[in-house]
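Okay, here's the structure, questions in a sec.
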């Protein structure tokens, strides 16, 4: 009973306190939200610490059970340990720490991101086909916005940036707002059911 | 047969042409003329209207993957504000950017004579999410744990003595370089009364609705606006150089799209005749 | 001079209506929250009591899920369902479980392998139970393989590389991208397209929808993700929430239409905006 009931009760109580802390004048004067935020900040830092421990547990398990690609778990633990010790001992602005970060992490992450440029091109080649009215509209509007995002669009015609701005400002904004509002109510209602204790699947 | 091959073109051929198109301008810049758009002009005008000796918060909410597009506009903005005598506090809702941009900011600061601790401070990334920022709004020193990214104590940094709260009385504006979430939503929700300027990755796109509703005072996005800002501020850097590559890349993509559609239509007609 | 100094003192905060913080939208925010909360509670309780609820229409992407699993069965290749960002307690994860249990049930029935990759070890633990339960319901508990429910740390690009690697190695015939996504949305579906997989996206991130629309065969957008999950799972909690949320959206549409009409007829008054500022 406690495994599900206690966390649900705690969630509901804290949610009500946080909500009313931002609404009620008396609670605002007592800086209730500010105190809770300090505790959330502390818990966030603890979660970071726990996340590190969990990561190590998971990979030690992989190594112990000799799961597929276990050798990469060894490498991960070595790198994790090295960066943690170096960061704690010398700080994150230490030349070695920064040098390794700039030499290893930055190029690897940037390379993965730059693959997007190539993949988007092949995706656009496949997707922008004049099969029906929808795809024609997609193609034409995409072409205008793409050309307006580089200087050559303005060189070809000064109307291209104007049309692109109109597409972004009017239909684009309207659709983005509609989807955001729809998403908000979906998330809002789902969050409320957690606060009301009606959703317990994450506790099972 | 030829057109069928075009319709079913191996993506690797597209990658090859795009790769070449992106590399050529990097090796040999083309130097296409650049027109300043209204978005960039409004953004620049807002920066110029910030009073001297005010304090502005720069939220570098991106990681190294966003450095090319977003990082390109951080330095011109920083230099412009510092040259105008506007004080700057740098921080970030994401871990990486305040960390790896520190060196580049130091280079600019050294070049223009800005003094760390007096004219600008980098508080770095503070874990804890939105709770941390809310604490900073009530008590900046407490929320930031009283130290900057290099573990200098706030007591030893003269500028920080003017920053006790993250509110509209302390900061004239917040400028956010946003690559995703968490991002501008934090400021819109918890600090709606502090003027917000935004720099978006990959263009403004659907974010223009925040500009239209007034939640963002001015915004720019993507490499083109970063290049325009470099031109306006007179700091010629990465963005202007890389914009040519982006231009050629987009032309190659559009060329393939047109070719693909021509091939598709011909192939479709040929198969219906058969 | 004393009175001047007194006048320069900080203004004393005055509560709104005697008890509320004097901030624009404080009371209207409370009103909306209580209203939506009450609607949610009412419709969930109605659903649990077995009362007749408005029907959720069958979205086009839902048929595609069944087709996708069937196609994977014919080709003898696995089905993959992936989610990176959403942790336990995120609303997208609750939606994910609806898709996962349905796809797992189909996969068990058709004897097709299901590979699930997630970015949270806590979600992975729950996913294992959901899939195990689905296999049990399909009468195939022996076919369930724990190693197919996988976890990889949710750091964006490492996770994406890992996912792309799984796609290349496992060669799934059908891939479902469920939940909230960021930049990897421009890479992962293309990796799936490169092996000829049929792809269905149920994406709650509006900024990434263009990438999914360009690369996937079917896309469920924003609110549809939750509606489709409720349709598949038939959980009273999910169905009741969808009905409540639709009522709230209807109220918003009425407010927007009325406000726009008044603004057209009397420009500059901002009548609806001022009305809602209480």
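Going in written order, the chains are labelled A, B and C, and every chain counts its residues from 1.
By definition in this document, a contact is a pair of C-beta atoms (placed from the backbone, for glycine too) under 8 Å apart; a residue touches a chain by one contact, two chains touch by 3 or more.
All figures in this text were calculated on a predicted structure; none of them were measured in a lab.
If touching chains are joined by edges, the resulting network of the protein chains shown connects every chain directly with every other. Pairs B-C and A-B differ in how many C-beta pairs touch across them, and the larger number is found at A-B.
Chain centres were defined as the mean of their Cα atoms; on that basis the chain farthest from chain A turns out to be B. Centre-to-centre separation between chain A and chain C, using Cα means, comes to 14 Å.
If you average the CA atoms of chain B and of chain C, the two centres end up 28 Å from each other. Here the CA centre of chain A is 17 Å from the CA centre of chain B. Among the residues of chain B, those touching two or more other chains are numbered 11, 63, 65, 205-206. Among the residues of chain A, those touching two or more other chains are numbered 109, 112-113, 120, 122, 124, 126, 128, 176.
Within chain C, contacts with two or more other chains are made by residues 156-157, 183, 206. On the chain A side of its complex with chain C, the touching residues are 19, 22-26, 28-29, 54-55, 58, 108-109, 112-113, 115-116, 119-120, 122-124, 126-128, 176, 179-183, 185-196, 198-199, 201-202, 204.
Taken in their complex, chain A has these residues touching chain B: 31, 33-34, 36-38, 40-42, 44-45, 48, 91-93, 98, 101-102, 105-106, 109-110, 112-113, 117-118, 120-122, 124-126, 128-130, 139, 143, 145-147, 149-152, 154-155, 161, 168-169, 172-173, 175-177.
Within the complex, the chain B residues that touch chain A are 9, 11, 14-15, 18-19, 22, 32-35, 37, 63-65, 67-68, 99-100, 102-103, 124, 127-129, 131-132, 134-135, 138-139, 142-143, 149-151, 203-209, 212, 222, 224, 243, 246-247, 249-254, 256-257, 260-261, 264-265.
Those residues of chain C lying in contact with chain A across their complex are 13, 15-16, 18-22, 26-27, 29-30, 33, 36-37, 39-41, 44, 88-89, 91, 93-94, 97, 121, 126, 129, 151, 153, 156-157, 160-161, 183, 186-187, 189-191, 193, 204, 206, 209, 211, 213-215, 221-223, 225-226, 237, 241, 244-245, 248-249, 252. Residues 156-157, 182-183, 194, 206-207 of chain C are the ones touching chain B in the complex.
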